[in-house]
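Input: structures, listed below.
Note that chain A is present in both complexes that follow, paired respectively with chain B and with chain C.
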Partner chain A sequence: MGALVSLVAVAVLALLAVTAVASDNLRLVFGAVIPGVAFAVFLVGVVARVTRWARAPVPFRIPTTAGQQKSLPWIKNSELDNPSGTLGVVGRMFLEVLFFRSLFRNTKVELITDKEKVNYIGTKYLWAAAMAFHWSMLIVVFRHFRFFVEPVPRVVEIIQSLDGFFQVGVPVIYATSVLLIVSLGYLLLRRLADAKVKYISLPTDYFALYLLLGIAISGFLMRHLEKVDIVNVKAAIAGWASFQLVAPEGVGALYFIHVFLVSVLFVYFPFSKLLHAPGVFLSPTRNLANNNRAKRHVNPWNPPIVGHTYAEWEEEFHDKLVASGFVLDKE
Partner chain B sequence: MSEKSPQELIQIDLNPPRKKWMDPSVDFESRRGTWSYPGGVKSIEYMGFANPREWSPTDEDWKLPENWQQIIHDGFKERLGKYRSLRVFMETCVRCGACADKCHFFIGSGDPKNMPVLRSELLRSIYRNDFTLAGKILGAFAGGRKLTLDVLKEWFYYFFQCTECRRCSVYCPYGIDTAEVTMMARELMMLVGVNINWICEPVANCHRTGNHLGIQPHTFKDNIEFLCEELEDDLGITVNPVINKKGAEVLFIIPSADYFADPGTYTFIGYLMLFQQIGLDYTMSAYASEGGNFGLFTSHDTIKKLNYKIYHEAKRLGVKWIIGGECGHMWRVMHQYMDTMNGPTDFLEVPRSPITGTVFENARSTKMVHICEFTADLIRNKKIKLDPSRNDKYRVTFHDSCNPSRALGLFEEPRYILKNVCNNFFEMPENTIREHTFCCAGGAGLGNDENMEMRLRGGLPRGNALKHVRDAHDVNLMSCICAIDRATLPPLAEYWAPGVEISGVHELVANALVMDGETERTKNLRGESLKAETEETTDV
Partner chain C sequence: MYDAGKIIVGIVVFVVLATSPLWFNALTEATPEAPKLTLPTNGSTECVEATGYMRASHMDLLNQWREQVVRTGQRDYVSSSSGKVFDMSLSRTCMDCHSNKADFCDACHTYMAVSPYCWDCHVEPKGAN
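Moving on, here comes the complex of A and B:
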């Protein structure tokens, strides 16, 4: 149900963008005004959110330890899974952010009831799909810099030529374009086909996937089917940069769909679970060293709570203490 | 014990039902055996907690304060401002499902709301509704729900069906820690008087007498003396327990269960025999007579309140540093909370073993050393003589307790000790040990009898791994470093892997420990013959 509602929502958004082709005013709105505003919302929204997280105090140092602690010098500790200092934390975060180390540990439980056996089988599909999606996405976004920057930076050109290494199709089909669509497709199918994941999915989980798929597919088709006039697009984009709104000429519906869905994504991002991207950096179970006993962690709002003091305790149990031969502080 | 047989109980369907999770409903009456009784009036009044009253989860009316929704909303808001963890965990989950089948309660029950992601969604749905723009505008489409009485009832059921073991957190790509979420939810429920007695009563006991069991100082002393006399009678070994001694070098903090009931008492005697043999200048305390801290299952303020006595007593007695016994959640508190809450400890010295001279750099600030770190260091430096053959009747495996595993990473120290004190050691399957370890399903205040069916269900993963090594290697003893384990694992083992006994690590240390001037040992700490009886009859 949620999956369907989200699909309809994204389809309606795409259709809305198509209307832009009809009139000059709408072309200006969809081609220039909305993307500009959306990008501003994205920037301000993400900065505001991350600032709010960063400003919330971390009262306790609560890393989840997934390896041997550093204790006695002759016991080898596991610095990346249980960091004892900043360097280890940087390493742990590096592996977490770039290679999804925790997800790499994933297992699948298998219950063989007639044999009374519970098995845990390593499974890497989710990890592989997540890696494929995020890395492709990063490279695709990076490739887009050739539309924004003139002259095109050398590094963008290098990435682009590596990405088109297989030299399939004219224009060349980039490996990441395919990977992006395939991995999104897998993540969507998994959400629909795996009973447990389907059960936990919210409509917004599908919405994000459909939105990204819409963006990826419209972009792919634009490059390979519609063959958009890049010069005009670049001119329009150059207009945003100098705050002069120019409606792009010589582009069709796909372009508007693509740009509008990207705009929706920009606006949606700071208010949604897509915030997991900056969130992972601030997770206190991952970004702190497990050196609690070696180095005191300070809680900025440590409340002035006093427990049951020894003197109160001694007074309460005075007679019993005396009868049992305890030496008292207060005779 | 559950009325169902293990064969019946394991018929679990891990596929979720058709009914959507957002519609809350828990039928407490038909689910007896899977929830805990509410906090008693006396304990709640004594602690000054909110809303003391007689009530039962099966009641229609939970006798909440009139403005209970507002109280929880305000409490939620306050905590969002105080804990970055809560804020980040409320906002970053993508529902990827990696955690779904990592929870022992989910594996053992198939109840979808025991998937860690949904357990957190119970709270997150309210967060979205109350504190996010999308939730306010889009409602259920964006995953928002209003906090109704049925939602609160569901909170009670499922947040007291989480043992805060942190296993799911190991697998989460964002490190979302359900233990933290559960702790927050329990704090919020405490504000309106929704809690369980197996937490509230130990907390009240601990505050008053110094320990969860409510053992008063004269009984504390009697118990310990009795255990020592028994040791003398059984094995002819004399130990002199030291209590409330000013100026001792080390304060020794133990979980109260260790000096209260079998099999913890064997571990307790094990500690004392070790200290006796090495001549450690130590003292226990009848006031700080509890290392455990059920505040961890109540609220952060309560953790601090109950933990106060440790440093307070160390200062009063004038000790130099502290050793802590084998206990799981106690060590989460000592390691991750104590110094922050009740430090700094400028009146103590950096721990240095008087026997080996080793300085425990990892405890430089907190000044508290885990007994397994201490003993491993003794063994490494050959300061104690061990005869592992005295444990030959045991074929031993090791259960990594949740908190020492996922809040400290104490994996090698106990293994090093075990491999030195016994000859037959076998690991359980690798996805069930170390950071992947499975909970005893009785931690975080859930180890009570009325919750037995849920404990046995949650105990399935551990029990099944245990059965595996029992069948493959004839394992007959599971050692662990947690007092709650020593209380909750025996019924679990009896149910899922009959024939396996439970022990602490230092019980086995003491069995193997060669003491000065000892007579030949024929019995172990349990008063049993050192040789397996079956062996004698089958030997040709």
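Moving on, here comes the complex of A and C:
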């Protein structure tokens, strides 16, 4: 059900973009104004959300780790899985952000019925598809730099030539274009095919996948099947990135679908599960060294503790103590 | 804010990276406008196909020509827009009118950071224009 709702939502959004072709004013709105507003919402939204997270105190380290904590010198500790200092944390974050290490180590229980045995197997397909998707996405976004700036930096050309290494077709089909669509397809099928995953999937899970698939497929079609005049497209986009509101000439519905879905993604991003992108950097179980015992951590919302020393107590009951013949420290 | 130092650095890095095209365009003096192409000087006024199709899909046509010529030896191309017959040849037909590679092909290809491998095999005509 959620899958259908999201599919309809993305289809309606795509159809909305098709109306842009009708008039010059709408072309300007869908080609330049909406992307500009969407990008601003994305920037402000992400910064506001991260700032909000940063205001939440983390009084204590959360040692949900898979390794031995640093303790006595003759017990070997696991610096990467249970870091005692900044260096270990940097290593753990590096592997988490770039290679999704915790997803790689994910296992699931499987019952081998004929042997009456329980097995813990790795779920590496999910990890592989996640890696393929995220890295392809990064490279695809980076490749789009050529539409925004003039002159195009050399590094973009190098990435393009590596990506198009196999020189299949004209214009060359990039490896990341194929990987992006195939990995998104797998991630979608995984939700639909596995009854357990389907049961826990919400419309928002599907919406992001359909949206990204819509963007990837419309982009692929524009490059390889229904080609657009990319020189005009670049003139408009690079102009847009120099604060001139112009819509490209002579482009069809596909272009507006692509751009509008990207705009929707930008707006959707700061309010959805896609925030895991900045969120991974602020995961308390990943980015804090496990030094609960080595260092003192004071709970930031504790009220100030007002002490009452023996000297003060003596002072307070001075007269009564003297009257009862109590020997005071002071005298 | 807790760990404000690190988080603010992170936010600044994110904002700078996300808006990098804007900085890049503001800092480089180059205009983002599309290059002006030099039109043929030999008096020819129409291309093999319509201008709109050629601008967007000339690579399809060239690819089709290459396969046709190399695999079947068939060199005659009947234009779908004018019905005229052309010789399927990059160096002779295309470059006959668009004789200056640097001013015609390269103008847009450099602008779009496209590096087609035509010239891995073909020899660019020298001394024209």
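Here, the second predicted complex is superposed on the first by the 296 of 331 C-alpha atoms of A that agree within 3 Å, B and C clash if a C-alpha of one lies under 4 Å from a C-alpha of the other, contacts with A are read in each partner's own complex, and residues count from 1 in each chain.
Just so we're on the same page, contacts are C-beta pairs under 8 Å (C-beta built on N, C-alpha and C of every residue); 3 or more make two chains touch, one makes a residue touch a chain.
In this text, all values refer to a predicted model and were calculated from it rather than measured experimentally.
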Please work out whether A:A56 is in contact with chain B alone, chain C alone, both, or neither, and reply first, second, both or neither.
both
Of chain B and chain C, which one touches more residues of chain A?
B
After superposition on the shared chain, which partner residues are touched by A:N82: those of chain B (first), chain C (second), both, or neither?
first
Between chain B (first) and chain C (second), which, if any, makes contact with A:A193: first, second, both or neither?
neither
Taking the two structures together, which residues of chain A meet both chain B and chain C?
54, 56-58, 282
Please give the residue numbers of chain C that touch chain A in the complex, ascending.
1-4, 7, 10-11, 14-15, 18-19, 21-22, 24-26, 28, 30-35, 52, 55-57, 59-60, 62-63, 108, 110-117
Taking the touch rule as given, give the residues of chain A at its contact with chain C in the complex, in rising order.
42-43, 46-47, 50-51, 54-58, 145-146, 148-153, 156-157, 160-161, 167, 169-171, 227-232, 234-235, 238-239, 241-243, 250, 278, 281-282, 300
Touching chain B in the complex, chain A uses residues 2, 5, 49, 52-54, 56-62, 64-72, 74-78, 81-82, 96, 100, 102-103, 105-109, 111, 113, 116-118, 120, 126, 130, 194-205, 271-273, 275-276, 279-280, 282-286, 290-299, 301-303, 305-310, 313-314, 316-317, 320-321, 323-324, 326-327, 329
Which bits of chain B are touching chain A when the two form their complex?
6-7, 10-12, 14-16, 21, 80-85, 87-89, 91-98, 100-102, 107, 112, 115, 117-118, 121, 132-134, 138, 141-143, 166, 169-177, 180, 207-210, 216-218, 221-222, 243-244, 246, 286-287, 300-301, 304-309, 312-313, 316, 334-337, 339-341, 343-344, 358, 360-366, 368, 373, 376-377, 380, 405-413, 416, 429, 431-432, 435-436, 460-461, 464-465, 467
